[in-house]
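For reference, the structures are reproduced in the following blocks.
In the two complexes below, chain A is the common chain; its partner is chain B in one and chain C in the other.
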Partner chain A sequence: MSWAAETGAILKKELRSELRRRWSSALLLLFGLVTVFVVSFSLGAGSLTPGILSAFFWVTLFFASTAGLSRSFLKEEETKTILALRLLAGPAAVFWGKFFFNLFLLLFLELVLVPLFFVWLNVSGVNLSGFILILALGSLGLVAGTTLSAAMVAKAESKGVLFVILAFPILAPLLIFAMAGTKAVFAGFGWEQMANPVKALISYVAVVGAGSSILFDFIWEV
Partner chain B sequence: MYIQKMLRWLLFFWLAAVIFFAFAQPAPQQQIGETSRIFYFHVPCAWVCVLAFFMTAFFSVRYLLKKEITLDAKAVLSAQLGLIFCILATLSGSIWARFAWGAFWNWDPRQTSIFLQLLIYFAYFSLRGSIGETEKRATFSAAYAILAFLTVPFLIFVVPRVTASLHPSDTVVGKEAEFNLGPTVRWIFFASLAGFTFLYYQLYRLGARIKVAELGRKETP
Partner chain C sequence: MPVSLSAAGLSKFFGDLKVFSPLDFSVSAGEVLVVAGPNGSGKSTLLKIAAGLLSPSSGRIEFHDAMEIIPKENHRRFLYMVSPDLSFYEELTARENLNFFLSLLGRKAEKVTEALFRVGLEGRENDELAGFSLGMRQRVKYALAFLLEPKFLLLDEPTANLDETGIKIVTDLLAEQKKRGLAVIATNDPNEYAWGDKKLELGR
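And now, the complex of A and B:
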């Protein structure tokens, strides 16, 4: 099978097993909902500056997504299917299959959480197309920066805490760039003020994505 | 062996001379005053912190390609030394910030990045601590070190350009450098930088000999 077909097969298998365990994705959604709710009700409905809003937006998204992103390899370990996966597919297919599935999961979460964030915190005057661009790049970066950590955590002890400890330093530059970009977007600025964060985000996604996919070959084989 | 002994004495006198001149000469920045002397020690610490992490990533790459356990030991050793210099750079920078900018911590991009470097070191050691199997531990921590090293250029070069910084740029190298620092200051600074790098090298050499000897002892009971 070609690489693309193999990746597609893994992605299909992930989606199917997720649909069979709908309660698990419902749990993820509820976890995200709690995160957004805690942030929103503690801040109230006052008018917040774009800087504060963008900071809370990414902090919320980071914590809401950790529960889901850390699970991608953990569930293989729990259901003891990781050996079968290793026999049937090459490391590149597994990495990209999990990568796209995580991206899909994250977009599903965002589809619910982002509108809620906007409504609960009275966000208005946003450069919407710019926001979607930054959100898309930020989501790609979140997935690129966590897939490798998720694979390592699945085989380590004290998994849940370790995932955040490992993922945060890798994701920190991404969060800084995304916050800078979102701040400009929430302030209603145009493309010129977003240029630097967007360029930084693109290069982050390229470097960390490529690096993770190469390093994954090594950790998949031990 | 004789040369090694000579080199150790040279390092001792070199660093002693750096410390002497750092205090005997006028303070490097007249506007900031006497506290700016910490510049001679703070910047080299930060430099060694990044250099040591580069070496960790370098040995990690070699470990992944060759799978020799001594390379893993060298990567860990360099990370241990780097952690010490990282803590020193953070503390000295924080003390200087208190007197130059008014608070111990200002969330300046460079402060953020040195703290993140500290977190990377902690994460690296936590990962090693939570895996029992030797080969798995070595491979995973090597992969993590390399991935983390890929983000370091973003922290050093990109973050200060996306957000506003209190740290001066172009101080040591670049267009403004000659204008900012006098020739004496530059001499002492580069001597200190060389001295700190050499100190790291000596510590690394000694540590590597101990680690290799320990590994050899474990293999032949």
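And now, the complex of A and C:
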């Protein structure tokens, strides 16, 4: 059984479960949409600087992720299905199956949220390809960090509080780099000004992605 | 090829609380070991340690196939456990659950209908487990045991929630298991002691 086929089986199971129960997607969408709507309604379109816009954009994604993506392992613990998974699945396939499912969920949120964010907050004149690159790198890092944190927290007591406490230090560097890059994009700067945040994001994704994959084996072990 | 299981100096503590003292036992191919003892004596904990779901505080447990120790990362290909603590996905149907677990091990799903028939769930294969009783859910776990045909079978409270026909499923499975490998049963039901060739009494 190849790693890819086993990962695919877990991803397929996650998607099927989510389509049936909508545990995470509803939470992600609700949190993201309500936050963007409330801020745009209270502050008014066009009144925010690029720095504030980028911070607001990534804070929304961060909290939506902590609310929705943290469910990936917690749900398995609560329903006692984690034991069956630990008995019959390989750790690498579990991590990457959950990783790709969380990435799918985040992309789904972004597909809905980003156009509304641009329209409601009157964001224009951005370097669109630069924005997509930073969003893609930021999403990969966000998902790697939250998937690992969710696996750690699922074994602990006081799960809700612990998730944010654990996830924040892991994700703080990512948020700083992503906000810097997005600020440059929203300010209408070119690739030159985005180079450093993009390099930092690539490094972050490589380190946290590889690190999470290795660390997960130890977390999954007893 | 003959299989066997051996444990040496196995103990478990949760913090300062001792669950069981160092245990030594072995089970050979064709044998069924019954682990007996009162509530809280560590029967389920011992089976979870054997299944790799818990770590022992000391000692080791080894699974052998043709005299070779099976590496821990390969245990899932040889070992299966039925336990009240182990649940399947209630939002998936019986067939989807079985297909999923089979696919994790690269096994084909061609005998799923037959397995569900063997556990008396014919006609319910496309129903979500959410609508199943506890006994029916237990039967789905046994259907997976028939499909996986593990060399090492661990059964914790094997007849929990099962009716008379459900108990017959367990005895049929054990008869098959003795031909292909070995089994360990954790129970405090004296009627089930007779299923074992050996008995390990905990909590003494």
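The rule is short, and it goes like this: the second predicted complex is superposed on the first by the 216 of 222 C-alpha atoms of A that agree within 3 Å, B and C clash if a C-alpha of one lies under 4 Å from a C-alpha of the other, contacts with A are read in each partner's own complex, and residues count from 1 in each chain.
To be clear about the criterion, a contact is a pair of C-beta atoms (placed from the backbone, for glycine too) under 8 Å apart; a residue touches a chain by one contact, two chains touch by 3 or more.
In this text the structure is predicted, and so the values were computed from the model without any measurement.
J.: For A:G51, decide between first (touching chain B), second (touching chain C), both and neither.
T.: neither
J.: With both complexes overlaid on chain A, does A:R86 touch chain B (first), chain C (second), both or neither?
T.: second
J.: For chain A, give the residues common to its interface with chain B and its interface with chain C.
T.: 222
J.: What part of chain C is in contact with chain A in the complex they form?
T.: Listed in rising order, the residues are 51-55, 73, 76, 79-81, 83, 85-92, 96, 100-101, 103-106, 128.
J.: For the complex, which residues does chain A have touching chain B?
T.: Those in contact with chain B are residues 148-149, 152, 155-158, 162, 165-166, 168-170, 172-173, 176-177, 180, 196-197, 200, 203-204, 207-208, 211-212, 215-216, 218-219, 222.
J.: Can you list the chain A residues touching chain C in their complex?
T.: 1-2, 5-6, 9-10, 12-13, 16-17, 20-21, 79-81, 83-84, 86-90, 93, 222
J.: Chain A touches which residues of chain B in the complex?
T.: Counting only chain B, the residues touching chain A are 64, 112, 116, 119-120, 122-123, 126-127, 130-132, 135-136, 139-140, 142-144, 146-148, 150-151, 154-155, 158-159, 161-163.
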